[in-house]
Every structure is written in structure tokens, then in C-alpha cells.
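Below is one structure, written out as C-alpha cells, with a few remarks after it.
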Amino acid sequence: MREITYAQAINEALAYNLEKDPAVFLMGEDIGKYGGIFQVTAGLLDKFGPERVIDTPISEAAFTGAAVGAAMTGMRPIVEIMFIDFTTACMDMIVNQMAKIHYMFGGRGKVPMVLRTNIGAGRGAAAQHSQSFHAFFMHIPGLIVVAPSSPYDAKGLMNTAIRDDNPVVFIEHKKLYAVKGEVPEESYTLPFGKAEIKREGKDITLVATSELVNRSLRVAEEMAQEGIDVEIVDPRTLRPLDQETILQSVRKTGRLIVADEGPVTCGVTAEISARVAEQAVEYLEAPILRVGSPDTPVPFSPPLEKIYIPDEDDVRDAIRKMQAYL
Amino acid sequence: MPQDSNRLVKTTRIRAVPAARRKAREKNIDLTETRGTGPNGVILVRDVENFQSLQAGTPLFPKADKVFVSPLARRLADSCHLPLAEISGTGSHGKIILADVIQAAGAAKTISSFPGKRLESFGQTLPMSRVKKVTAKRMAQSAFTAPHIYFFADVLLDPLFHLRHEILPEFERRYQVRISFNDFFIKATALTIREFPLLNAKVQGEEIVVLPEINIGVAVAMEEGLMVPALPQADQLGLGEIAQMRDDLIGRARSGKLKMEEIERGTFTISSLAQFDILFFTAILNPPQSGILSVGQTTDRLFLKEGQVGTEKVARFGLSVDHRIIDGAMAAAFLQTLKKKLEHPLLAFMQL
Amino acid sequence: MNASNQQLVEFHKTMVKIRLFEQKIQDLYARGLVPGLAHLYVGEEAVAAGVCANLRREDYITSTHRGHGHVIAKGAEIKYMMAELFGKKTGYCKGKGGSMHIADVEIGILGANGIAGGGIPLAVGAGLSAKMRKTDQVAACFFGDGSSNNGTFHEGLNFASVHRLPVIFVCENNLYGISVSQKQHQAIQDVSIRSVAYNMPGVTVDGNDVFAVYEAAGKAVQRARVGEGPTLLECKTYRWRGHHEGDPNQGRRYRTLEEIQEWMKKCPIARLEEKLVKREIITKAKIKKIWEEIEKEIEGAVAFANESPFPEPQDMYEDVLVS
């Protein structure tokens, strides 16, 4: 099968839907001529024209809100927020409008839109361009939140997101954009709310999101040499979370590590840990360990940023700690 | 600053991982008696799995309760309508044992010098613990299945006394344990078995299986019954190792932390009532073993030799064997050889 | 006046309906019979009536927390509104939205909005959608003087202007946010002058003169329909009651009784009635009748709401997502 990058995979899904459905259109800053800051929308302006691929002013609230209004009135907009850090500028539109309209209006009126954004540090972009607070969105009822970890998952989930009648927050990862993977040429969808076991194992359950999935896979291969068999569960959808797959895995292994790029406090890892503690505590043969960012803003200086990012070293440390309970 | 969550807080709660607790509950294992091997001594699932009673899966104690009480004591307390909360426990970890209930009931005290503080009360019908029941059954099975023949020999122990006295301080310094006479007996018995393999055998259907390793079991009397942990390949162990192992096994037997395997591996048993005023006794074979050595009390005996009067230390050893495997001649020869080794320890332990 | 007599009578009916609805809520609320919050439109009726009279069923409006007037004028049925305010299952939002979120997307009501300025981008989006679908639908966006300072106002007007969207931005300048007067929150007096910054026409009218509102809104709607882009229409008006029911002394903590009474003299309904009677379009007796009939309608709505059931506990979990 041919290999394309994560960015290209998303591009394909966008192009396919722009082609098939005239109600689909894109809005965002620098997505047209520039092709998007991470080149996800490259070539789409040329292909579909400025009416379908709109370069917006720097007005997150306006264009995100406009997307909501357009979605309520027959369109299927896909909005790009350049960095997740900027979603704070349109938080009201996301939290109070996008997420709630269907419910507040008693089910009449829906918001079939996708809000694409990205998380992840590691490019020296510093505190306001490197955050990973996707947990904020996981916290809001009414939103669907997905975080694909591979080009294959990205294309499938994007296709599903565009066709779904619900508002979807689509969490991409800066470091994944250039990563290649096998992606079918044809269009396909992947279901929401279904986790995938990216690696089977019997000793430790490692639930990881986004790029942490790939970092964990690398470490798991190392650990296999030492006879430690790690099972890696990729939720793929954060909200609604496929907790059954996670619980089943924990019942099998009895040990849980949760890894997410966001800060540990009140993060995705906290929610998953809590659910396991509530529903499978008697299967636990060890404390639950979490891998995430420290409770500081993202530092600029490269050596500090390296320490900040939850990477292979941090995953390995967690597995080592877990060894004492093996 | 990350909190040191491993800092041990003084608590009476037992530290165990959730899955271990569940397992302990399911198998009726008392976590207070389980030794934890996880970080900072937390009890893991494998610790619970390893902790077994005398019989595989048969619990020594019922549900790990908030009031720690042995089942015998509980039943007696129930039948006497004594509230357990008002009885103070003198067993390990403050456990209420039979003696405590009897004391609380104001029943007549009997001599409690028996190790394990076994006390019976007149007129009482005491139920058998599960352990006792099974032991009783197996014992009966052994007695009726294996035809026992008994042999006795008086063994002069002065040489051993002298040897022990001489090496005691150095031994203790080197091995952190005091050498006991039992250690000599174990070693000597193991060496003797080398010469008499059929004493290390079992009947299997219509065949006699000679077991590959000589694992000498040492009978330990417990409140609930007899436990016989075995020293593996005792013929190849040095006295120091024997002493340490003996000390460890007996200690863990008393606190109920033996592994099943440690009991099941025994191929020959030594049972001693040396601390009582028992001259000798007939022991019943520990099935499926073919031989058991009993040790009586060491006494001072007057002797007359070449017109001289003196005293010598002597103990009567008994040997019971399975007559299906071992005939009288072999048994006698075994006992004689053992006696010789014990009376000439230097020769024996230099393996001459 | 380019409204027909027929239309004028309709204006009157609409305004009376709004007035009586709001007064009914005022009464019920005072007696503790309506839960939640109520932000009443009493005194501002001409703005909603005048603007919405220019809109078709398929045109859009977004409204504010003070939205009863707008949605009635756009054609919402009062019994479903009443039921919604009572929190009943039969309400527009199945009781899940309440006063500030009444919506009927089918007749273009994209919701009252509890966030100040929250509706502005939504209306812009509706205009964008209409343009993309190449219909001549328009979107009227109601907001107050307070929201004209909000980021969404500036972003929304800018976006609509650069993309020439069919939006009518209707600023109901009632001189106060909650308690902060316009003098305190803006350096300008006429919000409409901000239109210059966004290169769109800006008009200020007497918001209590339904004719003026109707005419100005009509021009703006026309512009939008033919693709000439958005307009900023400022309607100067005044709310008689406090910001919300429960605002002490109907807002006299920050307003004077004199000021309120001044504005009450400029009552938009009274002014219309005077004109109607003067031009012999309708008799006083008929006017009285209209009031009575509408009062009955309101009573009917209250009865409907009272008889309707509350939602079941499990209904709370319904409609979080589209299934």
C-alpha cells in the first residue's frame, strides 16, 4: 500500500468531501493561498476556489461562530484553528454555541461542523503556541472529540467527522503532520467511540493518545526484548471514550499506564485513570501511573522543552516503575 | 516537588494491591499473615498465590476479619456466647486463639508448655479444624495402608555434644544461627539414606519409585496440626546451610508462611519430641514416604566400663518404615548406620 | 409610509402580543410561577415588529437574552414559548433551553442567545450559508448597545463586510447594558457610526417609531437580498423594566424614575395606536377588542403550559448529540 503523510491523509479527506458535497467548505487563517500553516490544506484553494476555501481575517470568534451559524442553516463547514492555543479566542463559540445548540434547542437545530486544530510541543514555539489542552474539549458535553495517531486513522476519522451531524473537535498533532503511513487510496470511514489496540500484550495496559501512541509503540518494542509485554490501547475518540476496551485490557493485565501530551492535572489521563479506578479497581495489581506534561507553561529553551515533553524516556520510566509490580 | 507516596504511614491497615485483596478474599487467605514482596512490602497477587495452607487451597484461617481470630477460637467463643470484641488476643499480630477464649471463659487452665499453646478443656467437645481433619484422614490412611514396622536404637550423643559445644560460637558468628542437634540429625540421616535408597521411596501402584532427591522434612508442631517442611537435597548441604534453612523453615512454618512446595518436596521425615520427657515413641509414616525417624529425650545414663562408673548422654531413636518396601534387615542396618554416624560425627561429616 | 394599512394593523397586533406576553411573564414571575430568568422587552416592541415585518419565513434572525419580542415577531407560537419558559416538555426546546434559548430553526429563528454578542457570528454564518447556497435569504441580527463593544461585534461586522454577506445588524440601543449606561461604556453616542469602520451603511432611527424602523430595516433587507452586503441599523429605544425580573425597582438603582417615565410617554404602541386611530384605519373599540383577544390567547398559552408535563429525568440525556 502507498504511504502518505498525516497531513496529506487529512488533505485527501478534505478534498474528497469538498468534491462530493457542495455544502462542505473550509474556513481558517492562511488555509487558502498559503495552504495552511502545516500545509494540511495545500492545493485545495486552487482546486475548489475561494468560495469553498476561505482565508479568514484574524477573528476566531467570528469565523468559528459563522461556522456554527452556517452549519445550523444547511452547510457543513470545516474550520481550522491554527494552534489549539488560539481556541481560547473563540471559546464561547465552541463551548456555549457549537456544543450546546442542539441540546438547548431541544434537538431542533444541529451543528454539523468540524473544528480542526493541533496540539504538541517540540518546535520551540513556546508557551502560547505549544499547548495541548484538548482535555478542555473532552470536558464539554455536546462535543465529539477525536485525536488520530496515524495517517490511516486521520483520514478515516476525518471522513466520519465531516459526515457526522454533530460538532466535532478534531485534534491533530504538530509532530505527526510529516509522519508517513499506509493509507488506502479510496475513501473510508472509521467509527467514533471505538478504541484500537495498537499492540497486544499481557503485562501492562498502556492507554496512549495522539503522538504518545507512536512513542509508546517504540518503547514497547524495546521492552519486549526484556520480556515485558505491553498492550497499547489508542482510544482514537476522546469523547465519547471507549471505556470498555480500556477496562477489558486492564482486567487482562492488571496494570495501567496512561499517557497523554497534556498536563497531568485534570487532563485526559486523569479522566481515564478515574474511570478505571471506579470500575476495575479490583483488577489492579499496581497503582495507576500517568505520563504527561509537567504543571508548567511550555518553556522555550530547547533543553527545557525536551524535558517538558512526555516522550519515550517518560514512557520508559513509567514502565520501569511498573516493573516492581510485575 | 512530587510527593513521596511510598512514605509509610503508621497504620494498622495492610498494604496490598487491590487485586491481591480480592484474591485473598476469594481464597479466604488472611492478609495479615501474608508477606508482601512488592515495593515497600506491599502485598502483590503472587504473594497471596504463594501463601498456602498445609493442604493446597485449604485455608488455615477463614475470612480476613476485622477481629483476627482463629477458627477454633471463634467456634468456641460462639458456643460459649462470648463476644470476640471482649477477648484480648495473644496470638501473632494480636490474633485471638483458643487459649484466649478458654481463659476468657474462665475454664480450667491446663499446662501450656506444649509448643503452640495447645489447650484442651475438660468436658468440652472441640471441633477439628479443617487442617486437623485432613491430617487425621491421611494419617489413618497411612497407618492402614502402609504396614509399619518399628525399630529402636539408643544413640550415644556425647561426641555430638562436645562437637557442638566446640563449634557453637564460631558457627553462630559465621551463620548467624545456633547449630542445633536437629541439624546433625538431618545431615546424618541424609547421608545414611544415600546408602539405603529404599528409605527415600514411595509405593506407586505396584511399583516402588525411588525419589531422586533426598529432602529431609522436619516436623513442626503447630496449634492446628503438624507441618513438615523439608530441606532440599540435605545430603549435599553443609551444616551451616542446614542450620540456616532449618531455622527459616521452622520459623515460617510457625507463622504460616510456608510454600506448598516446601512441604510437598519432603521424602523422609524426622520427628522429635526431645524437649519432652518422652523416652521414645512410634511415629506414623508421613505418606507417601517410606521412612520416619523419631527422636526421644536425651537422658544421662549410668554406665560401668572397665570398672569405672560414669554417665553418658543417650537418646533413643525410633525408625518406622513401610514394610512393603523395606524389610527388617534393611531397617535395622539403616538405623545402625545412622547410629554409627551420630556417634562418630567427625567421620560422618567428613563423608568417610 | 410604505406599509399598507393591513400591515400596520399587523404591526399593532404583533406589538400588543409582545407587550401582553411580557406583562404576563412579569406577573407570573412575580408570583413565583415561572422558573429561571426573565429579561423583558416591554417598551421595545417597535424594533422587533418593524424589523421582522420585512423578513420572510425562510429568513433568519438571531436574538439575545431579551429575545421574546424578536421571536414573537418572527412568528414563534406563544403557547410553545410559554411552555418553554415554564420548563415543560412541550416547549420549543423541550424545556431544555429556557427563556434565553428559545429557537425554531424551521422558521429561521436561530435562537435567543445567553451570551452578549453571541448571536452575531451565528447570524454572519447564516448569511454566509445563504450566499453559498445562492439563495436570497437574509439574516437579521439583534444585539444591544452593550454588545456593540464586544469582540464578536467587530469581528462579525468585519467578516460580513469583507465577504459582503446578507446580514442586517440591528443594534437595539436602550442606553444600558445591565447597570452601566451607554455614556459609561462607549465614547460614542450613535453606535451606527461604527459602520464606517466596516465600510457598510450605518443608520440611526427612533426605535419606538415602528414606521421608521420598518422603513430603515426594509432598505437594509433589500440591500442584503440583492447582494449589496450588510447594514448596521441602530434603533434607539428603552426598556421600561429592569435588566431582568428581580433587578431592583426595575432598574432604578442605576436609572431615575424620571427617565423611565419620560420614555414611557414615548410608548411605541400608544404612538402607533394614535396614528391608526387618527388615520381611521382602526377604531378605538377595535383596538380594545384586539387587546382583549390577544389577552385571551395569552391565557390560553398559560393554560397550555400549565397542563403540559415536565420532562422525565432520562430526558436530560437526550439530544446531547445527534444520534
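Going in written order, the chains are labelled A, B and C, and every chain counts its residues from 1.
Methods note: a residue touches a chain if its C-beta (ideal position, glycine included) is under 8 Å from a C-beta of that chain, and two chains touch if they have at least 3 such contacts.
This is a predicted model, so every value here is computed, not measured.
Colleague: Which pairing of chains gives the most C-beta pairs in contact?
Modeller: Ranked by contacting C-beta pairs, first place goes to A-C.
Colleague: If we define chain centres by averaging CA atoms, which chain lands farthest from subunit B? Would you check?
Modeller: Taking each chain's C-alpha mean as its centre, the farthest from subunit B is C.
Colleague: Using Cα averages as centroids, what's the distance between subunit B and subunit C in whole Å?
Modeller: Once rounded, the distance between the two centres reads 92 Å.
Colleague: Could you give the separation in Å between the centres of subunit A and subunit C, each centre being the mean of its C-alpha atoms?
Modeller: Going by mean C-alpha positions, subunit A sits 40 Å from subunit C.
Colleague: From the mean C-alpha coordinate of subunit A to that of subunit B, what's the distance rounded to whole Å?
Modeller: 62
Colleague: With touch defined as at the start, can you tell me which subunit A residues reach subunit C in the complex?
Modeller: Where subunit A meets subunit C, its residues are 25, 51, 54, 56-57, 59, 61-75, 77, 92-93, 96-97, 101-110, 112, 141-142, 144, 164-166.
Colleague: Would you tell me which residues of subunit C are touching subunit A in their complex?
Modeller: 60, 62, 91-97, 101, 103-106, 110-111, 113-115, 118, 120-130, 132-133, 139, 151-152, 155-156, 158-159, 162-163, 318-322
Colleague: Of all residues in subunit A, which touch subunit B in the complex?
Modeller: It is residues 254, 281-287, 324-325 of subunit A that touch subunit B.
Colleague: Taking the touch rule as given, give the residues of subunit B at its contact with subunit A in the complex, in rising order.
Modeller: Subunit B residues touching subunit A: 5, 17-22, 38-39, 44-45.
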